[in-house]
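As C-alpha cells, here come the structures.
One chain, chain A, appears in both complexes that follow, with chain B as partner in the first and chain C in the second.
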Partner chain A sequence: MSRILVAEDDPHILRLISLWLTRQGYTVVEARNGAAARDLAQAEPVDVLVCDVNMPGLDGLTLIAALRSTGWVRRGVVVLTNRWDHGDLRERLAAEGIQVLPKPFSPTRLSEVVAALLAAVPVEPGGRESGAP
Partner chain B sequence: MSSSSAPTHTGRLFQDLLRGLSGLSGPETRSLGLVGPGAQPPQPPEHCLRLCLGGSADAIPKRGCAFLAAATRAEVRVDALHDGRCPVGCAVAARPVPVNGQPAVLLTVSGALPGPREPGADLLGQLDRAQALVQRVDELLAENAGFANEVLQNYEQLNLIFDLTREIAQLTESRAIERVLMQRLARLLVGQEAGVCSAEGEWRPAVAGESARVAPAALAALVAQARAQRQVQVGAAGDAAVIAGPLVGLDGRVDVAYVLRAPGAAPFNAGDMLLMESLLTFGGQILSNSTLHERLRQMSLEVVRALVAAIDKKDHYTSGHSERGGFLTRLTAQELGGSAAEQQTMEWAGLLHDVGKIGVPEEILCKPGKLTPEEFEIIKQHPRMGWEILRPIASFELVLDGVLYHHEYPDGTGYPEGLRGDEIPLVARIIHVVDTFDALTSTRSYRAAYSIERALEVIRAEMGTRIDREAAEAFFRALARYQREQPNDFAARFGARRNAGAEGAP
Partner chain C sequence: MRGADKTPCAAPARAAVPRSSPRRPAAAAGTTLGAADSFFKSLERVTDAPGGELRPLRECARLMSVQQTGSVSRPAGGPLQRLWWGALPEALSAGCVAVLLAAVGALYLLTDDAWEAAGAGRRLPDGLRWWWGLITTAAVLVIAFLYWRLRGQARPLAAVQRNLEQLAAGVERDLATLALSDALGQVAQGWNRLLGQLGEAQRQLRTLSAGPTPENVLARFESVGFRRVLDRLPFGVLCVDARLTLRYVNDAAAVWLGRPAAELVGLPVAQVVDNEAVRQAVLAVRTRASSLSIDHTQTDGEQETTLRFRVLPPEDGAAGGDVLVTLEDIGALRETERARDRFLYHVTHELRTPLTNIAAYAETLTKPEFEDEQTRKECYNVIVSETRRLSRLVEDILSISQLEVGTARLNVGEVDLARLLRQMVQDNLGAADEKQIDLTLTLPPKVPKLRGDKQKLSVLVNNLVGNAIKYTPRGGQVQVKLDVTEQGVRIVVRDTGIGISPADQARIFEKFYRAADDAVQSVSGTGLGLAIAREVARLHGGDITVASALRQGSTFTVELPLTRSESTEVARQ
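After this line comes the complex of A and B, so read on.
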C-alpha cells in the first residue's frame, strides 16, 4: 500500500486531494503545514509527497529539500503551484525531476502523475528502496 | 497498514462515531459496534468477538452463534431482540443499519457475564439512539460523497477552462480560436463530435465523427432552434445525444456550436447545459475581440495605404517607390528571420519611410535638376517630419525608428542625427539599402535607371561607409531568393528595369 503525504495549508484543497487519492486506494497522510509534514515523514517515510509551494512557516521548497536529503520520501514529489508563479519555478523544479501541477489542477492528472512516480524505478538519492534491480 | 479496502475517511468517521456512542453506554453495556459485510472497517466490537468467537467477523457463521450470524447477514429482526443472547451468556441486541449503501448491523453486548440475562429496556433504548445517529451520519456521508464528486468534477472542469483560456490567449486568428474552443468543449462534455454551424449556414466540424451524417436533419433542427432562441438546446440526432448553443459574435451575429456524444451514450444534463452556456459566452467574447482586433488591423492597414497614396501623389518621380520600399523591406526582414509581426511592422516602416515628404514643398520635391544647398536642407527635414506625422500612433515605435533614421549612414555622415554603425536601428539600415536600390533603379530627370546588377555593385562599393554591411548582405540574399523562387513575380516587378538598365548611365 503506497503511502502518500499531502502538505497543503488550504484545508479544503487538502481534504479534496486526500479524498481523491484515498479513493484511488492510497494511504494518505495529511499535513496542514511544512513542519507537520516533515515530522510525519520522519515518523514514517512516505512514497510520494504532494505539496503546496506557499505554506506558512516551512514552505514547500524547503520541505522538499529537507525530505529529499533524508530519504523520507522514497519515490518522488509532486508540487502544486499557483498559475501565476509558474515560469521559472516550474523549470527549476522540472530540472530537479520534480513534477509540477498548476492549480487548479486536474484530479485525474494528479493521480496519473502519482501513479507514474510509483511505477517508475526509484531514483531518489538515499531512498530506501533505491537498490531495486 | 491495513490494505486494499483502504481505511477510508468514512471508516475513520464510523470508528469515531462508535467511540462516541460508547460514551452513551448505560451501566450494563460493555460494548457497542457495527458488523458489516466483508469485514469492512466498522468491525464487531472486539470484546464481543473475543468473547463469542475468538476470531474475525468472517468466522461468525462457522462458530455457531446464530444470533451474530444473523446479525452479520443483517437478518436480525427487531422482534427477535428480546431473545438475543449469546451462548456464553451475554445479553446482546442488534439493529440493522445501512452503511455506505451496504447492510450492516449495530450491535451491543451487555456486560454482566455470570448468569443469563435478557437485554434490558435501557440497552434497547440506547441501541435505538445509536441507530438513529448512525443513520444520520450515513446520510451525511452520502451527501458528503455527492458534494465531493461534484467538487472533484468542478475542479477537473475548472482546470480545463484554465487551460483553454491560456491556450486561446496565444491565438489571434478567429478560426483557430473557434477550433480550440470546440475541441475543449467536446472533451469537457465527453463528446465524440463537435463543430460550428456559421451564421451563413456553413458547417465547420472541429472534432470529426460520423454521427452528424446519420441524422443531419435532426442536428440541423436543433441548431436552428438554438440560433432562434439564443439558448442552449439538448436533443438527439438518431441515437446520439446532441447539445447546441449560440456563439454570439459582433453585430448580433449568431454562429451555433454543437457537440454530439457517441451513439447510445447518456443524454446531456442540466450541468452540461450550464457548462456549454458559460463556455460559449466566454468563447463568443474572445471571438468578438479577435474580430475587432482584425478589423482594427485592417483599418490601420487602410490608413497606412492612404498615407502612402498621399506621398506618391505628391512626388511623381518616385511613384511606386513606397510600395516597393515596403515590399523589399519585408523581404529582407524575412531573410533575417523576423517573426510574422516583425515582418509586418518592417513592411509598414518601408511603406511609410518617406511620409515626411508630404511636408516638403512640391517645387523642391519635384525640381528637375540639381538642388541648391538650401533646398537640400529642406529635403533633409523629411525624416523628422515623417516621424512627427506618425508619432501619435501608439505601437509604431519600430516604424518611427525606420522613418526617422533611414538616411543615417554607418560612417556617421547621414542625417538627421549623424548616428554611426550599430547606433542606427536595424529597420532604418534595411530601409536605407532598399531606398538606395530603388532610387538607383528608377529613372531620374538627370539620369536613366541603373540595371539591377549595376545598382547592386554601387551598393556593394559603399558597404561600410554609407551602407550597412549586414543589412545589404541580407538584402542581396533576399533579392536573389525572390528571383529564384518567384521568377515570374520578380520579372513583373523588376523586368523593365533590367532592360532599361542596358543603356543606364549615371
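After this line comes the complex of A and C, so read on.
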C-alpha cells in the first residue's frame, strides 16, 4: 500500500486530504508542521509528500529540500500553495519535477495528481499498488 | 519826545529790510509746502496698498497740508509756517528797537545841524554827540545781525524746497537732504521725525510696488509672512536662478539637504545636490512646458533617504526666470506602499484559508464515495464554521483598517463599564462551559462612568475574553477584573492558558501576527483581535499591556483614563 505523507498546518485541510487519500486506498501519515513531517519520513520513508508552503517552524520548501536529498520521499512531491507569487514558485518547482496546486484546490484534482505520480514512476517489485481502490 | 513817539508809525519805510526778510522766506516756505504736499499726494496715488501699511505717510501728508491758493497769511497753516512765524515777534521787537534808535539819532543830528545853521548856537556838548553816534552804529549793527540770522534760516529751507520739488517730479533723492537742523527748534525736530517715518513708508512702498520678477515676488512673500508658510510645508521648496545657484531654500529642504537654509542660499545646485540629473533638469526645464521628476537616493550614515526632486519650469516661461524645485521624501511613501502590500498579502492569505476549506468540503459533498452520514455531517460543520470564520475575518479587517486609517470615529457616550463587562462575560459563558473553564468577573463596589464608545469597548473586552478562553486548555480558569485607579480604570483579563513567549509578547499586537507555537496554530484566529483591542484602547487615550510566561497563563491589562484628553481625540482624527 502506497504511503502518503501530508504536511499541512490547517487542521480542516489536513483532515480533508487525509479523508480523500484514505478513500483512494493509500496509507496516509499526517503532520501539522514541517519538523513533524521530517521526523515521520525519517522514521519510515514515504512514496508521495503532499505539503503546504507556509507552515510554522520548518516551512514546506525547506522540508522538500531536506527530504529529497535523503531519499525519504520515493516517488514525488505535491505542493499546495497559498502564495500570490506562486506563478514564479511553480516554475521553479516544476523545473525540479514537483507538482504545484494553488489554494483553493480541488480535492479531486489532488487525488488525480497523486495517482499520476504513483503510476508514472517505475515500481519496485511487489511494491506497486493501484492508485484507485 | 512826541517825534520819538511817532517813529514806530513812520518806521515801515526804514524797517523794510528786517520785515521783508521773513516775508520772502515765508513766501518761499509756502511754495516749499506746496511742493511737499503734492509730493505726498503723488506718493499716495502710487500706493494702492492697504491703508495700514502707509499710515505714517498719510499722517505726514495731513500734517504738511497747506492751502496753496492765496498768501501764507494764516500762521496756523502748518508746522513749517509756524517755524517761520515763531521767529517773527523776536525779529519785530529787535527791529523796532533798532529803528527807534536809528530814527532818534537821525532826528537829533538833523535838528542839531539845523539849529547850528540857523545860528542859534545851541549845540549839544561833544561827549553827548559821541554817544548818539555810538548808539546809531549799534542800531545798524543789530539790523545787520538780524538780517544775517534770518538769511541763515532761509537757506536750508530753500534747499529743502528745491529737493522737495525734485522729489515730487520723481527724481530719486535721499530723504536726508530734506532734514532740518534740530537747532531750529521743536517744530524742526518734528519735521525730521516725519521724514524718518516717510523714509520707512518709502521702503515699504518700494518693496510692494516693485515689478513681478521672482526675487520681488519672494520679497513680497516675505513681507506678508509667506516665508513662514513655506517653511512649515512638509515638503521642500528650492528656488534656483539662471546661474544655477540657490536663491531660496525652505526649512524642509534645508533639513533634507543637511545644512541650514542660510548657508545654502547662494550656493550652486551642483554643490548641494550630488546628482547630475537634477542639475541637468534645472537647465532643461527652461525650454519645456512640463515639470521633470528625478528620484535621488542619498545615504547619511546608515540612514538611506530617497528624495524626489520635481523641477518646475519658470512661471512665465522666461529663460532667465527662477526655476522652482520641490522635494519630497518618497522613502516614507514607499514604506507606506510596502505596508499596504503586506496588509493585502495577509488579507488574501487569511481569506484563502476558509475559502479553500469551504470549496474543498463542498466538493466532497458532491462525490458519491463520501455519502456516509458521518462524513456528510463533518463536511457541513466545517462549511458552516469556515463561513463564520470568513465573515468574522471580513469584519475584523474592516475594523482594523478603519481604526488604523483613522476613519473610525468614536461614538462617545457614557459607558457603564460594570454592565459592559457583565454582558461580555455572559456572552462568553457558553464557550467557557464547553471547555469547562471557570470564567469569573470581579467588580469594585463603585464603578465611575467612563466617556467612550460602548460598541468599540465591547469589541475590546470580547476579544480579550474570547482569546483567554480559546488559548486556555480544558478545565482552566479565566478571571476578568475591573479596578478603579487614580488615573482611571483598569481591566484585567487573566488566564491559566498556554502563555506567550517573550519574543511573541513583543509582537502579538501587530496585525496578522500569530505565535508560531503549535498550540496557537491549532486554534483558528485571524491575528487581528489584539491589534483591534490595542487600537480601541489607544483611541480612548489608554493602552494595553501583556504579562505572560509559557504554559503559565497570560494577563492582559487595559488602562483607560476617565477623562480622555481632547488632544488625543484630535490627534487621532
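Following the convention adopted for this analysis, the second predicted complex is superposed on the first by the 120 of 133 C-alpha atoms of A that agree within 3 Å, B and C clash if a C-alpha of one lies under 4 Å from a C-alpha of the other, contacts with A are read in each partner's own complex, and residues count from 1 in each chain.
Assume contacts are C-beta pairs under 8 Å (C-beta built on N, C-alpha and C of every residue); 3 or more make two chains touch, one makes a residue touch a chain.
Quick caveat, the model's predicted, so the values are computed rather than measured.
S.K.: Between chain B (first) and chain C (second), which, if any, makes contact with A:S106: first, second, both or neither?
M.R.: A:S106 contacts both chain B and chain C.
S.K.: Tell me which partner A:M1 touches in the superposition: chain B (first), chain C (second), both or neither.
M.R.: first
S.K.: Quick one: is A:G25 in contact with chain B, with chain C, with both, or with neither? Answer first, second, both or neither.
M.R.: So A:G25 only meets chain B here.
S.K.: Contacts for A:N54 in the overlay, against chain B (first) and chain C (second): which applies, first, second, both or neither?
M.R.: second
S.K.: Quick one: is A:L16 in contact with chain B, with chain C, with both, or with neither? Answer first, second, both or neither.
M.R.: Touch partners of A:L16: chain B and chain C.
S.K.: Counting residues of chain A touched by each partner, does chain B or chain C come out ahead?
M.R.: C
S.K.: Enumerate the residues of chain A that count as touching chain B in its complex and touching chain C in the other.
M.R.: In chain A, residues 16, 19-20, 83, 104-108 are touched by chain B and also by chain C.
S.K.: Considering the complex alone, what residue numbers of chain A touch chain C?
M.R.: 9-13, 15-16, 19-20, 23, 32-33, 54, 56-57, 82-84, 103-108
S.K.: Using the touch rule from the top, collect the residues of chain A that touch chain B in their complex.
M.R.: 1, 3, 16, 18-20, 22, 25-27, 83, 102, 104-109
S.K.: Which residues, counting only chain B, touch chain A once they are in their complex?
M.R.: That would be residues 1, 3-4, 6-9, 148, 151-152, 155-156, 158-160, 162 of chain B.
S.K.: Spell out the part of chain C that touches chain A in their complex, as residue ranges.
M.R.: Of all residues in chain C, those touching chain A are 345, 348-349, 352-353, 355-357, 359-361, 363-364, 367, 369-370, 375, 378, 382, 386, 516-518, 521-522.
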